[in-house]
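Chain naming follows the written order as A, B and C, and within any one chain the residues start at number 1.
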Amino acid sequence: MAQAVISTPITAEVLRGNPARLRRERRMRALFFSAALLSVLISIGIVLSLLGGTIDFLRKVDLSTLWSDGWLPRNNLFDIKTIVAGTLIVALIAMVVAAPLGLGAALYLSEYATPRARRYLKPIIETLASIPSVVLGYFAIRVISPELVQRLFGSQVPLFNMLAAGIAVGLLVTPLVASVAEDAMHAVPHALREASFGLGARRRSTSMRVVFPAAVSGITAALILGVSRAIGETMIVAIVAGGTGGSLFTLNPLKGGQTMTAAIAALATGSDQVRGTDAAYPSLFFVGLLLFALTLGLNLLSERFVRRVRRRF
Amino acid sequence: MAITGITDATRAEVARSLTGKRRDIRETLFSLVLLLTLIIALAVLVVLLFNVARTAVPLLVHQGGRVLGNDYSALPQNAGIRSGLIGSIYLMIFVILLAVPLGIGAAIYMEEYARDTRLARFINTNIRNLAGVPAIVYGILGFAVFAQLLGSVTGPKVGGLSLLTGGLTISLMVLPIVIITTQEALRSVPTGIREGGFGVGATRWEVIRSHVLPNAAPGILTGSVLAMARALGETAPLIMVGAVTGFLSTRGGPLASLREKFTALPTLIFTYTKKPLPELQDLAAAAILVLILMIFFVNLTAILLRNRYERKW
Amino acid sequence: MSESGDRMDTTDVAKVDPAPSQSEPGEVSLTVKAARVNKEEEAKREVVFDVHDAGVSYGEFQALRDVSLPILKNQITALIGPSGCGKTTFIRCLNRMNDLIEGARVDGTFLYHGIDLYDPDVDPVEVRRHIGMVFQKPNPFPKSIYDNIAFGPKIAGMKVNMDDLVEECLHRAGLWDEVKGKLKESGLALSGGQQQRLCIARAIATKPDVILMDEP
């Protein structure tokens, strides 16, 4: 067998490698590292801008107005509970819509649909998830509010109400819940299902008693993600949940209200921006901070559940 | 051969229990209910599209020239969506040029270069949290940093509320999506390929460039498309950086209008939807149709490109 | 010849002749005899690798311990042992492949032509150009057969006629006749055995000084 011939003898010099190649390698690594570091910068930027504006706000505001009759920046009223209540009501209604629809669709796709059907339906659901929220906002004020809500509950109900907003947000969030929950259910090992079928159980019992509990971590993660998205949603509520002047405190979904996100949007689009009073404008940073903290907490929580799913399987 | 001890009665009973009740009524109902949830979730999209099309198609067919040729106006007979269309295209270009390369670079670092240190894990968690931050908070960030802080650079004549600011803000918002989806794509490349590359004496960058990236290309492409679809549809951050005015100066080409006021399709939809005049709301429908078509085409291009890359290997 | 446990003696160096399949006891006596006969010849041969007190640990787990042996030039050296005793771990030390494993620590001295392989000045990428490897599981690149083989020489900047080089490597790996018309086809389309021969051809394309083969 002919031997391979090395043209250069192996010396320490040779093994040091090609300097140009090494230089290029170092440069590429540094380049990619700075890209990764950018993400950290973004987070720092978010926190700093929110904090800065909040401090500014807290210095200018009359703290007693943080607990008053309503969120009406033009009148210097910054009642926190109004906007928090608005956010929570809309989110609650949204989940009442999204949870059954999303989980039901997920269960069907995972346990009942044929693999071929699933191959087509799953991408459709993910496409649904990319419907822009403004589009649903248009739908809410053109169709849901007049045709559904006002018809059901009578003409006393104003066009701008939180129920219509909640329903639309629910429709927005449903594909997200369905997709994540379906992934969780589908990841349940087939062996568990076979064990159940082997004992004579039918699909319904298997789905509800075996698959669902096994996937409960992923399902919880899906629901929490849904809530987080619903809380962070801006455009639908800005269009249909209430007028832009703000709102009085209310817990009635058939009335107009103000969510945290809509409040921020209103302050930015100038309708609430009264340049005279100092506290109105920086209040958007304050609300932004609350919103950020809330969604961050929810997301960290949901991640804990996702990690539990991974650990089990 | 007759088995002794088995009477006719027993045989009949066994036969009955094995063949009877093939259809459990509760089983069928259950699966129907689930199917219904799936259908409702999908049907909403259909109803929405139908509703939009019913308004938009006649408008575009009969008055397409005006609708597509004119800019925003409060007078129905002069109103159009052209400025939004152009603005959205500009923003997409921003995402392609800025967010996609940066996101891929960051993902490459996290998956191929970074060692499992505290810093690396922190960056990872950070990126995941950023993905869950509400869009409007990114708007606050963009407003605080690009409009206020860097206003003299990004848009001196318009207080920083320029196309440049909008593009940067949207790019920051979709960056986490690109990073996460690219990471997934890189992770799914089998390690054997990398080892083979190292085995013949390639540097890390050479292995990534020649083997890992081409292999992960379909997944990376999908992620970029997801980001672009998000960028097209997101409104809240644009509102925070001044896109609601509806004006976009298109004189002098794209580079000149970088530092001027801008708008995009989603914000136009928002503005028109909030108008009390139905004729103006109809324009929102037209804009929605155009937007959905754009998103659809972006998705389609990605699928085609992905199929071309996912060759017979 | 089986070595038990996780220690390898220095007498493990064996000359493997292409002998007809024999039962194990027969093999033992054959190889030992061969070594003894050629001891004088061996003393004249150049030492390519000189390993002293090598050890590898992955975190808490000690995979290899106290291995010392010389590996001579122009000779096939076989490491034989039960599965899990550290053969792969050891040979991966010789071309710095263990560098790629997170948490792996390599101790001991590895001299290659008298140079310390693990000297901080030594570029592991350059080492792998001169010390090639064929892995246990065939891992051809998802590229054409031609590009599989051409990749290594190309990035090493070898100025050769690539077509000739590819053909030569395929001949020597015993694959040429089976693929000569299909060089542009995917390497993954070959059968398992063919893929491994492709990997062998790929390994010899950079004209390495040493080839490490992990249960090929």
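By our rule, contacts are C-beta pairs under 8 Å (C-beta built on N, C-alpha and C of every residue); 3 or more make two chains touch, one makes a residue touch a chain.
The structure presented is a predicted model; accordingly, all values stated were derived computationally and were not measured.
*Asks:* Leaving chain B out, group the remaining chains by who still touches whom.
*Replies:* Ignoring chain B, everything left is still one piece.
*Asks:* Return the chain whose centre of C-alpha atoms lies at maximal distance from the corresponding centre of chain A.
*Replies:* Farthest from chain A by mean C-alpha position: C.
*Asks:* Between chain B and chain C, what is the separation of their C-alpha centroids in Å?
*Replies:* Centres of chain B and chain C (C-alpha means) sit 48 Å apart.
*Asks:* I'd like the Å distance between the centres of chain A and chain C, where a centre is the mean of that chain's Cα atoms.
*Replies:* 52
*Asks:* Quick one: report the Å distance separating chain A from chain B, using the average Cα coordinate of each chain.
*Replies:* 14
*Asks:* Going through chain A residue by residue, note those that touch at least 2 other chains and give them in order.
*Replies:* 21, 25
*Asks:* Mind pulling the residue numbers of chain B that touch at least two other chains?
*Replies:* Answer for chain B, listing residues that touch two or more other chains: 203.
*Asks:* Could you pull out the residues of chain C that touch at least 2 other chains?
*Replies:* Within chain C, the residues that touch at least two other chains are 125-127, 130.
*Asks:* Quick check on the complex: what are the chain C residues that touch chain A?
*Replies:* 74, 112-113, 115, 117, 119, 121-123, 125-127, 130, 157, 172, 204, 207-209
*Asks:* Would you pull the chain B residues touching chain A in the complex into a rising list?
*Replies:* Listed in rising order, the residues of chain B that touch chain A are 24, 26-27, 30-31, 33-38, 40-42, 44-45, 47-48, 51-52, 102-103, 105-106, 108-110, 112-114, 122-123, 126-130, 132-141, 143-145, 172, 175-176, 179, 203-205, 226, 229-230, 232-236, 239-240, 244, 266, 269-270, 273-274, 281, 284-285, 288, 291-292, 295, 299.
*Asks:* Where on chain B does chain C make contact in their complex?
*Replies:* Result: residues 115-116, 190, 192-193, 195-203, 206, 210-211, 214-215, 312-313 of chain B touch chain C.
*Asks:* Which of the residues in chain A end up touching chain B in this complex?
*Replies:* 21, 24-25, 28-29, 31-33, 35-40, 42-43, 45-46, 49-50, 52-53, 100-105, 107-109, 112, 121, 124-125, 127-128, 130-139, 141-143, 171, 174-175, 178, 202-204, 225, 228, 231-235, 238-239, 261, 264-265, 268-269, 284-285, 288, 291-292, 295-296, 298-300, 303
*Asks:* Along chain C, where are the residues that touch chain B in the complex?
*Replies:* Counting only chain C, the residues touching chain B are 95, 97, 100, 102, 125-130, 132-135, 137, 139-143, 151-152, 155-156, 186, 188-189, 199, 202-203, 205-206.
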